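Scroll down for the structure; my scribbles are underneath it.
To keep things simple, chains are lettered A, B, C and D as they appear, and every chain counts its residues starting from 1.
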Amino acid sequence: MRTIRYREAIREALLEEMDRDSRVFLMGEEVGHYQGAYKVSEGLLARFGESRVIDTPIAESGFAGIGVGAAMTGLRPVIEFMTWNFSFVALDQIVSNAAKVYQMSGGKISVPIVFRGPNGAAKQVGSQHSHSVEPFYASVPGLWVCAPATPRDAKGLLKTAIRDANPVVFLEGETLYNVSGEVPDEGDEELIPFGEARTAREGTDCTVVVWGRPYYETMKAVEAISTALEIECEVIDPRTVRPLDTASIVQSVKKTNRCVVVHEHWPMGGPGAEIVDTVQREAFDFLDAPVERVASLDIPMPYASHLEDTVLPTESRIRSAIEKVCYA
Amino acid sequence: MSISDELLKLYRQMFVIRRFEEEAARAYAQGKIGGFLHLYIGQESVAVGACAAIEKDDYVMTTYRDHGLALARGMPPGVAMAELHGKDAGCSRGLGGSMHFFDPERNMLGGWAIVGGHLAVGAGVAFRSKYLDEASVTLCFFGEGATNIGGFHEGLSLAGLWKLPIVFICENNEYAMGTPMSRTSPLDDLSVKAAGYGMLGDSIDGHDVQVVRDRIRSAVGHARRGDGPTFLEVKTYRFRGHSMSDPGKYRSRAELEEQKRRDPLKVTRLQLADAGIDESALVALEESAEQEIADSVSFAESAEPAREEVMRASVYAPSEQR
Amino acid sequence: MRTIRYREAIREALLEEMDRDSRVFLMGEEVGHYQGAYKVSEGLLARFGESRVIDTPIAESGFAGIGVGAAMTGLRPVIEFMTWNFSFVALDQIVSNAAKVYQMSGGKISVPIVFRGPNGAAKQVGSQHSHSVEPFYASVPGLWVCAPATPRDAKGLLKTAIRDANPVVFLEGETLYNVSGEVPDEGDEELIPFGEARTAREGTDCTVVVWGRPYYETMKAVEAISTALEIECEVIDPRTVRPLDTASIVQSVKKTNRCVVVHEHWPMGGPGAEIVDTVQREAFDFLDAPVERVASLDIPMPYASHLEDTVLPTESRIRSAIEKVCYA
Amino acid sequence: MSISDELLKLYRQMFVIRRFEEEAARAYAQGKIGGFLHLYIGQESVAVGACAAIEKDDYVMTTYRDHGLALARGMPPGVAMAELHGKDAGCSRGLGGSMHFFDPERNMLGGWAIVGGHLAVGAGVAFRSKYLDEASVTLCFFGEGATNIGGFHEGLSLAGLWKLPIVFICENNEYAMGTPMSRTSPLDDLSVKAAGYGMLGDSIDGHDVQVVRDRIRSAVGHARRGDGPTFLEVKTYRFRGHSMSDPGKYRSRAELEEQKRRDPLKVTRLQLADAGIDESALVALEESAEQEIADSVSFAESAEPAREEVMRASVYAPSEQR
């Protein structure tokens, strides 16, 4: 194992898969000469040249569509959205085209494509630039949706995504890019399968389900609560929200009898509510308390820093929710 | 092939499409086909002329008004008709329906129902040709109604910028549903738009299949040589409503009759007669085509319905060994 | 009371509101000369003229944006999407602009606009034309989302929507347009407030929550089950999914101790899962069985008629779900 | 107002914007401002020239690079600076931030951060003028990077079709983030695109505020007379990075120095000197502007932070009596 940043984990996955398969290319705004708006693709242009690391004009729907056409005919595009906010102008390409071609061609044409970029809030970038897009894409059959929190998951899932035969929505995070973590040594290739949750912490008192950026707030909260109240949480990170590893979540809840779901997307619906639905259905007789959720407030993201902190799921809100389900 | 042999072949293709569409309309009226049904009657010269201008390795794709292009590209009428009937033997296994004809073996890549949504996809197919350094060219068809939407702009912008091997074929049949182009564009000649994308533009009459073929052939050559895309407005006309549910009240009978004088089948049939093909040969050809269509209907009617297992298995493609 | 069709109810609401307020206009594809793709706007062009009933080119994002600009400066646009499937190319205008302007202008500029059109499957129109869009729009704070099932609700809610100061996503249904039902007599103006559920049927044994098209399948199912098994369902139609009248739903569940949620949108997330989340949280101690959901199958809509019937929420699936929660 | 009085006024506005931006950059470096900060330094002549060409009832709107336009339209620098500091006294009450300046009292309608997303909105504002038969005209600003996106196309298509009273002002500052236009468009002159929308097009040098003002004035007149929109490419240059996080490695120091010789403030200051305004008058003007900016900073720093109640109350607007 080595320690690298999330940004480098993504970059390594891209580099290794591009080395392995000449059909893989990276396309998006500023991915080449600029080395990526968040420096994720640093060095890739130099290594693979302009034919495989392709700077685009600002035309998300256009280059997403180009990716779909290229994937339909055998290439393996990785399409970068500078942030997922800009995918909204390309949503039709993802939902109506990428997710549908395999089905509407009667299973004759697959679309092996990855759409990736940072999801969710960054820091004070305002309401148009702070969307957590899970509720939009995770609802759509035909898509997979990955939302890794750690460098290791980011790397292993991105490699799987690039080799998958279907369109994958791959959600990174601007504030995650600087996070450090362990990844397998060079040469030890790791592909993380979709739909397998990771147990980030074992515990007996409460199951906490979390993915993406709030994973870190959650880990702080559960450690604090362990110290303060001797409540031991089991933290389950599904890593992919479509497919969703409901079995692992339910199994854990059957053990702990309590559950809190933490996510950055707005409260209404989305994978957050879906997990609650599954847990109450499949672990009904095991629940000692209603399942609680901690989400961003139901408010467009404000600019002012202290207000943004109020809107995002905070350590203290996570802690309160755990205390609540534990009647602590 | 002699010139008149080739023209006979094109005429037969147009005739097959015409009769296919008429039988589809009949089956729809009988409730054997559901959903939307957009007929290509009146526009046959465009798809047939275009397909005569390209090679096996080239690609085609179009809108929901896709039967004509699929047939022109060689899809067996039975397979096409089976799709309309929601049968497993259909080109999209009964899952796609009229608007989503796909035939990857013949490089017919759909059948797309969101206006403007497939233009960038077409550019992506052309991107692949360039990426792999292959000589194939993509023909991407759409209606004049698509020229105001963002997908049109982004598809053309990227194709023009990167000089992708694609020909954008705008079938201007004068109406988008019930709306004449005079109410959706300040332009008379849509090819004016090409300059804004740094690509070639042209506007041609589409009623003569040979004119269409020849003009598209030159655009395809341009693309194949790496000189970039062409935006081609092809002036045509649809004789039926937008889809089966459209009574077409927005145009006068006189207008329609006037247009029918330029029916592409009539135009070509006259050219064949002028070239010395005699009536009996034409009738024989038409009869064989009739038979082919009749066979396609029986094939479709007796085929097995689309299957639930196939539907369930067509949400996600199996992934190759990782 | 008079009996009219849903289509006419929408048309009456448009007509009355356009009569009442000259700032209201209708814009969309084929709304004028063609009288509406589904004849909803029949006669409106003749009555109000081309300046207020405006046919557009096919440019959903363009005319949605025009609506936003007009609404910001005092007009009250009603923007018709021929179907909600075509809103995906305009989603950014709705989510990033319409829903955000009030907030990002610090509450200085409101956007009183209605986006309306048929939602969900029609009949055999395939996967690109059969989306139920609730999961996309209901997740977004700043929007209201109406999904009336009956002519009366359609009329009363649309009038409210047009007078509201915020962007409203108004979901009708192609197969609903021909449904007949009672509406108040002419001259008896009725505005139905957002966020107030309607109890469509009283019952003591099971609460069934449903909105939009599957309302009719549900009513058939609950009558059949009443006759066959003497199980009496209480049917609650929230009518608006944002705001959502959780109080009425929870109150009913506290009485019946059982709950089934029926919707046409895909299973993952959306208001369907949200309702389950609320019920298990707020009526936890009252539930005698897990909450069940009946949704469209997690599959892009197929063309073939019998397969489409399999995918949609059917009377028999609704019945099974009710029987299941009632352990019948 | 004499010609040189007016020019003095324009110079002062440009100077205020320049100094505002410099102070904003400083506050950002000190961590007093967060998020994205896109400076207008180098482009002042465009917003100032444009605002000199219009009336009180006319509307303006632009991208996230919006400080200059807001100030040119008369927003008090203190209110603008307070917004950057996330204060309740800011133009958007600290909820919008740098990218979302709104000032409805001055018909400054944002402040938009999705590239291309506000062009149709601008067309909608112009639509309203036409709907109400008012004479007002809308100026809609955007970068050259926006010309490939669908929102551009749809906004221009509808405005051109309906002859809406709007002027589309494309500030071509040569780069979209790190990408020069040579890598995003096959065109040298973007105004070529106008013909595809049936509207007037022109391309002008933007470094001279008077040239900008005069050309926009004539486009505004055209729009006000009901003759439709103009697409105007204004060639300009930004001296700073795209935003504060951009070191600008994609261009050479030599290029930047060369461009600074055409600094619009320099250009106008020379014109004023040529017109006989003496140095001391200019210095006095600059000092008063400095003071204004210094005051804006103190105002912003001492203002109350943005308020949670305001945030909670700004999700939905209260609806009028039903």
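We adopt the following convention: contacts are C-beta pairs under 8 Å (C-beta built on N, C-alpha and C of every residue); 3 or more make two chains touch, one makes a residue touch a chain.
Computed from a prediction, not measured in an experiment: that's the story for all the values here.
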Far-end chain from chain D, centres as C-alpha averages: B
Distance between the centres, which are taken as Cα means, of chain D and chain B, whole angstrom: 46
Intercentroid distance (Cα basis), chain C paired with chain A, Å: 30
Interchain centroid distance [CA atoms averaged], chain A/chain B, Å: 40
Junction residues of chain A - those touching two or more other chains: 56-57, 59, 61-62, 85, 88-89, 92, 96, 103-104, 126-128, 141-142, 298-300, 302
Two or more partner chains touched - positions in chain D: 92, 94-96, 100, 112, 114, 117, 148-151, 153-154, 157-158, 161, 184-185, 311, 315
Chain contact topology (line, ring, star, complete or other): complete
Chain A to chain B touching residues, read off their complex: 25, 51, 56-57, 59, 61-75, 77, 89, 92-93, 96-97, 101-112, 141-142, 144, 160, 163-166, 191
Chain B partner contacts - residues on chain C that touch it in the complex: 29-30, 33-34, 37, 55-62, 85-86, 88-89, 123-129, 298-300, 302-307, 310-311
Complex contact set, residues of chain C against chain A: 61, 85, 88-89, 91-92, 95-96, 99-100, 103-104, 126-128, 131, 135-136, 138-142, 242, 244, 265-274, 276-277, 280-282, 284, 287, 289-293, 298-300, 302
Chain D to chain C touching residues, read off their complex: 59, 90-96, 100, 102, 104, 109-112, 114, 117-128, 131-132, 150-151, 153-155, 157-158, 161, 310-311, 313-320, 322
Chain C partner contacts - residues on chain B that touch it in the complex: 34-36, 83, 86-87, 92, 94-100, 112-117, 145-146, 148-151, 176-179, 183-185, 250, 305-306, 308, 311-312, 315
